[in-house]
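The same chain A turns up in both complexes below, where it pairs with chain B and then with chain C.
This part shows the complex of A and B:
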């Protein structure tokens, strides 16, 4: 059966069917993204001073990615134009003579680059960037002094605030002027001095967060002890012993049997993961297990997705993480001839909340990941379609019916331009407003 | 893009336009970044500046990259997008009214009239959207494709030349269904009863692209028909 109107326009619509279908699809996409945009704008405008996590986006990276997408949008129309001229392929080394295939591969390259920047840099860099809130405002004030005080010489002239005719502590003033007002209080027009009022309130109550990276932490070293075994747990003695042997108990001299019947230390000073895995396996086999923290080990690492519950997890009455080494944002200083972020040690017992810049962090990040994720999914889908069109199976249409193939590429172009359009609006909304 | 814009010269002209628009888009992005970095703006100002530049960029993409400049006469696209926009805008207004959540609107409580109005709109909007969409999609006189050049002139010809051959009228009517006025329709109807074979020929003539392959497929399909049906077909022929 021949599908009608793939090349010629239908008399009643004036369009070939694919194009009309594509426009209807784009209409539904407008509704989808429009709803998300509107939600974002409503939430943004309605957010109180100091509650919107602005200034956390890297505008240079965002602008760079915008350029990449613009280039891809241009390449895709150039590819279509070359098809209309009948130029399927040209010499690779002479871009002026590039044909459809060359421009299309350039589009694919741009799309891949966009996703690499998005999923390989922008998102992961946020997953290791943390905000930490303290239970007590006094701890916040101390940590700020500790973190920023060294920079006194640089900001000496800012010690006196003429407007308020009041002397502020250096660190506080530095923070107010350089970090938080820029980051969280970009709402100058709402109310004269509103930003500063909100800041002062947040400072006094201790609800401000310190931002930075976790460069290291002290994690518990755990003893795993078997305290008993239930014979009615549905697991036979030999199976229970096998579990113990699997966890490192010697199978000789009845050691497993002895541990099962009398209890005792199974693992000594092991890490969290090993201890929890052993606990899980033993509990399933009917054992009673006790975990106890016997010390803490320093780890130099950048954790992903750490949250309050994780660091404060109770293990035999002690927290899983005792302290974190926190490298503060905007605290660059010279050390051994190199620029470093000032590192402060934060006891987890002082932490009220710890969150990386993941969706759970705030409303802003929730909607940021939703919209950019949906957009990136469209880019990913576009790459698959482009690859199909470039492969022999897709190009077969060109060899059979050139007009139909050109129309197919035009339809894809419409979709791709829409993806570009969405980003054109996303860029100012997410990175600037 | 319609077929009349397929000439190599026009495509070459388009390519230049594509480069130009690409430059505008890049410049727009750079201007946005420079303004954001250089000036301390309020949220409102930043929104106006950022979204205005984005609107210009989006306009360029839609008009040139998406060929809307040349597809503008195809009201099917225009209506689709316009209806989408109005429906979307209406629904957004509806949500804001229903929730009473429009920030800083100067009212503490939502008067009862708003939810009632919102509920009514909730019915009216989808119904009117559906009605208009169905109406637009079902009308056959909506298209003003570029291939139908100067339709008005053709109608005048049809109206003035009362002695026009019925065959010609049918041919014109078939090629340009969107411009058929009642008077012309009457002429076609008058011509139809006694010109059916002629009209068929006209149709056949107007469809010279019926491919031999397709014909063969039809013949093959006919050959599968049972003998009784075959006789009926032969009789009909």
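This part shows the complex of A and C:
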């Protein structure tokens, strides 16, 4: 006996098992994404002024991705329709006569494009983008002046604040108009003082962050010094000496032993990774180690995922990174005939917090990555299923039982439409609002 | 299994199809008993693992009760074992430390709910009995069924392994509230979250399977209102699991991100831990976790009770030899219960500072939901009236369920009102209330089910004598454990205290002039409760023995239907083969046609044609 209604629909419900199962699964998915959307609402409504990032998403790219997914939803229906008509495949070069296989590959292509844009461009572009918060409002004000001051013509109405009858620095005014109010502050009415009130408060207390990219930094050059050795760590003297030789001490008689008993400089002016690895191996072997920073080396690089601890990690009293070369967003600077972002130097000692645009950055980014990540995982899963159905392993079912195969494709189409629908909610909520 | 299409193109493919179809009897041991897609094997797998974890969870609390009764004293027998397994950090000299108490407490709750009751009551009995009772040959998706079990199993492995990692298993309660659950420095909390994701996945797969099976695979003649009440209960339970679990999955993902990626979904701004600012963005909400958690966890308690109510209904109808009273009221109530279950969750959060409007809403819905519960209990109670009652072991457990669930339900009323919950929240009163519902409630339902369906699964009866020993000792000790806890709760004893409340008792000289300090009588109850708990543990040994011994030496059944029941699972050979029924099943009758006037027997099976 066979399990009934796997292919043919049951008369009273009008559904075959797989389709019913898929609708129920979609109900659970609605609850899953619904919980995340509800979390978004609760977190956004409860966010303190100036802490909810807005306007940081590239709406054009997002809209493009939306079109890609909508197209893919159309293609998946065309694919299924061709399948029901019995056209498994058609000539690739004339889309008018495409069959199921062509339309399905078109769907796969759209899905892959969506993921490439998201995981290849959108997310990585955020991981190299930074916010820096300062310990002191005076430092913030100085850096803004340095970064956004314009040489060039100045218009009176841009400089003069009518209400306060006061002259603001052009730099700050620019910042106020262009960057922060739009991005971080809720819009208050004119009676309430407008968003500028909240901005002014943040400006005065120094709680604004500056946004930009890291173009380079000064990294510590470290000396590794052996200061002693304990014999009760379970490592014998000769084994300890071997560790030293492995770390570059000459194997000649006595040198390792001398270093172990009297201490001394083991490595000079090495990088962080080398120093830390040496420290780990030495401590495991029973040595006591002192790391000290003897200088800083300028490095040109655009790092990913840096956090505060990455720059102010204490090494013998000094920070791992002395300063960063920070290219400010929306600042323009002519250099060698080209327009660059203006670079300012920010000392680690002035930094209260540094964070890339990763989940840890803020609850906005946390929920952004979670929802789009879960959605992207569903797109990825969909690609896997589509590939299974298109490759010989899955196509074998078409040859065995056409109706069953068509049912699978129908069920997949339902799933795919759901994934598209989630994105259609996601896009305006995360990108536009 | 695929369609029976004859017109295939290549011989090779047809051949494979044939092998797949005819090979059922020739599977290896592994495919037949371990990686099986047969709902009966999967049901038994769930049953064994579920019952094993119920016992393990009970052992955890047995050890905790020692700490509550005799704080600071080494635990006899198992103390040295604990120390060697878990280290002297948490069990110095065999004494349970406060940290270990928290670990055991959190894991006791998690294990009992997600690895004990849900697999045993919902998945085990559901998988085995539901397809049989609706006349189906298997569940709708046998392979998804197998995936569901193995996902569950791996989740159990992850949870179990977490005991042995440095730092220990989760210790922030089964409720895993943030910020504690996020900042606590043990990886065990992360293991808990991963384990939960696996367990939730298993339940979601299972729920889809149950729903499609019940909707689409009912045998001809098995209309909705001819389904046994057990199937209705499982149907609603599956809906609860399907729709309530995903928010907890979302919450679990968010808390995992808080722990691993250092996000701040549930961490407020300005959080200070051990005197230092926590380096996170802040801006999160601990309340958000509570809402997401309880949005699942309230429907979860109905998941825990409904299968047991279903089992009790079956056993009562069978052993009173008359139909259930108010079948339609039962069905209507369980459907309404399913809907209302989703809108009461914040009654677990009355103490979070919610406003009066929200509080009034949840108090109202909470009181409303007591109505269908009471209707169900009343219908079951009235079903006894005028019955010709057979007092066999399953019936004893089913009968005891009624007053025990009654006590549990009634004692929930003061908790449902905000004004009285203020005094009782997080006290031992709450522990007593919910344990009355799950322990002498659901667990008695599970026991009833085991004794009742054992003959169908094995072809032998369990020992009646040891069954009665098991029943009476369990009933007495259950009440000795949980009844005094109401008094302790009303006297103000809080939950989750590893010293049993000694810090807040009158025996602590600091409390000499503190009003409301716990009296010696109340503290003394700790000892009697603990003793009853250990006796309860011992009382389960005859049951375990009975289950295994009866497989070989139990009295053989004399027919396929030893209980002379009407429902379809008794129409199969014993035990049912792959495919379940040897003749085609058509349903002609309602589920409980006992003592039909004019019939030759006092029961008329559903598959028997009416004259």
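Please note the rule applied: the second predicted complex is superposed on the first by the 410 of 433 C-alpha atoms of A that agree within 3 Å, B and C clash if a C-alpha of one lies under 4 Å from a C-alpha of the other, contacts with A are read in each partner's own complex, and residues count from 1 in each chain.
One rule holds for everything that comes next: a contact is a pair of C-beta atoms (placed from the backbone, for glycine too) under 8 Å apart; a residue touches a chain by one contact, two chains touch by 3 or more.
Everything quoted here is computed from the prediction, not taken from an experiment.
Novice: Kindly say whether there is room for both chain B and chain C on chain A in the superposition, answering fit or clash.
Specialist: clash
Novice: After the superposition on A, what does A:93 contact: first (chain B), second (chain C), both or neither?
Specialist: In the superposition, A:93 touches no partner, neither chain B nor chain C.
Novice: Taking the superposition on A as described, I'd like to know which of chain B and chain C A:384 touches: first, second, both or neither.
Specialist: A:384 sits against neither chain B nor chain C.
Novice: For A:42 in the superposed arrangement: first (chain B), second (chain C), both or neither?
Specialist: In the superposition, A:42 contacts both chain B and chain C.
Novice: First (chain B), second (chain C), both or neither: which does A:2 touch?
Specialist: Touch partners of A:2: chain B and chain C.
Novice: Going by the contact rule set out at the top, does A:31 touch chain B (first), chain C (second), both, or neither?
Specialist: Both partners.
Novice: Contacts for A:363 in the overlay, against chain B (first) and chain C (second): which applies, first, second, both or neither?
Specialist: Second partner only, chain C.
Novice: After lining up the shared chain so the two structures overlap, which partner does A:417 touch, if you call chain B first and chain C second: first, second, both or neither?
Specialist: After superposing on A, A:417 lies in contact with chain B but is clear of chain C.
Novice: Thinking of the overlay built on chain A, is A:14 touched by chain B (first), by chain C (second), by both, or by neither?
Specialist: Touch status of A:14: first partner only.
Novice: With both complexes superposed on chain A, which partner does A:393 reach: first (chain B), second (chain C), both or neither?
Specialist: After superposing on A, A:393 lies clear of both chain B and chain C.
Novice: Which of these chain B stretches, 43-51, 115-123 or 187-195, gets into chain C when the structures are overlaid?
Specialist: Clashing stretch: 115-123.
Novice: Where on chain A do chain B and chain C both make contact?
Specialist: Shared contact residues on chain A: 2, 13, 15, 20, 24, 27, 31, 34-35, 42, 46.
Novice: With touch defined as at the start, can you tell me which chain A residues reach chain B in the complex?
Specialist: Result: residues 2, 9, 11-15, 20, 23-24, 26-27, 30-31, 34-35, 38, 42, 44-46, 59-60, 63, 66-67, 70-71, 73-74, 77-78, 81, 84-85, 186-190, 410, 413-414, 417-418, 420-421, 424-425, 427-429, 431-433 of chain A touch chain B.
Novice: Which residues, counting only chain A, touch chain C once they are in their complex?
Specialist: Answer in residue numbers: 1-7, 10, 13, 15-17, 20-21, 24-25, 27-29, 31-32, 34-36, 39, 42-43, 46-48, 51-52, 307-309, 353, 355, 358-363, 366-367, 370, 374, 396-397, 399-401, 403-404.
Novice: Per the contact definition, I'd like the list of chain C residues that touch chain A in the complex.
Specialist: Touching chain A: residues 1-5, 8-10, 13, 17, 136-138, 140-142, 204, 207-209, 211-212, 215-217, 242-247, 249-251, 253-254, 257, 261-265, 269, 279-285, 287-288, 291-292, 295, 579 of chain C.
Novice: Provide the residue numbers of chain B that touch chain A in the complex, in ascending order.
Specialist: 1-3, 6, 8, 11-12, 14-15, 18-19, 21-22, 25-26, 29-30, 32-33, 36-37, 40, 42-47, 50-51, 53-54, 57-58, 61-62, 65-67, 71, 73-74, 76-77, 80-81, 83-85, 87-88, 92, 95-96, 101, 103-104, 139-140, 142-145, 147, 177-178, 214
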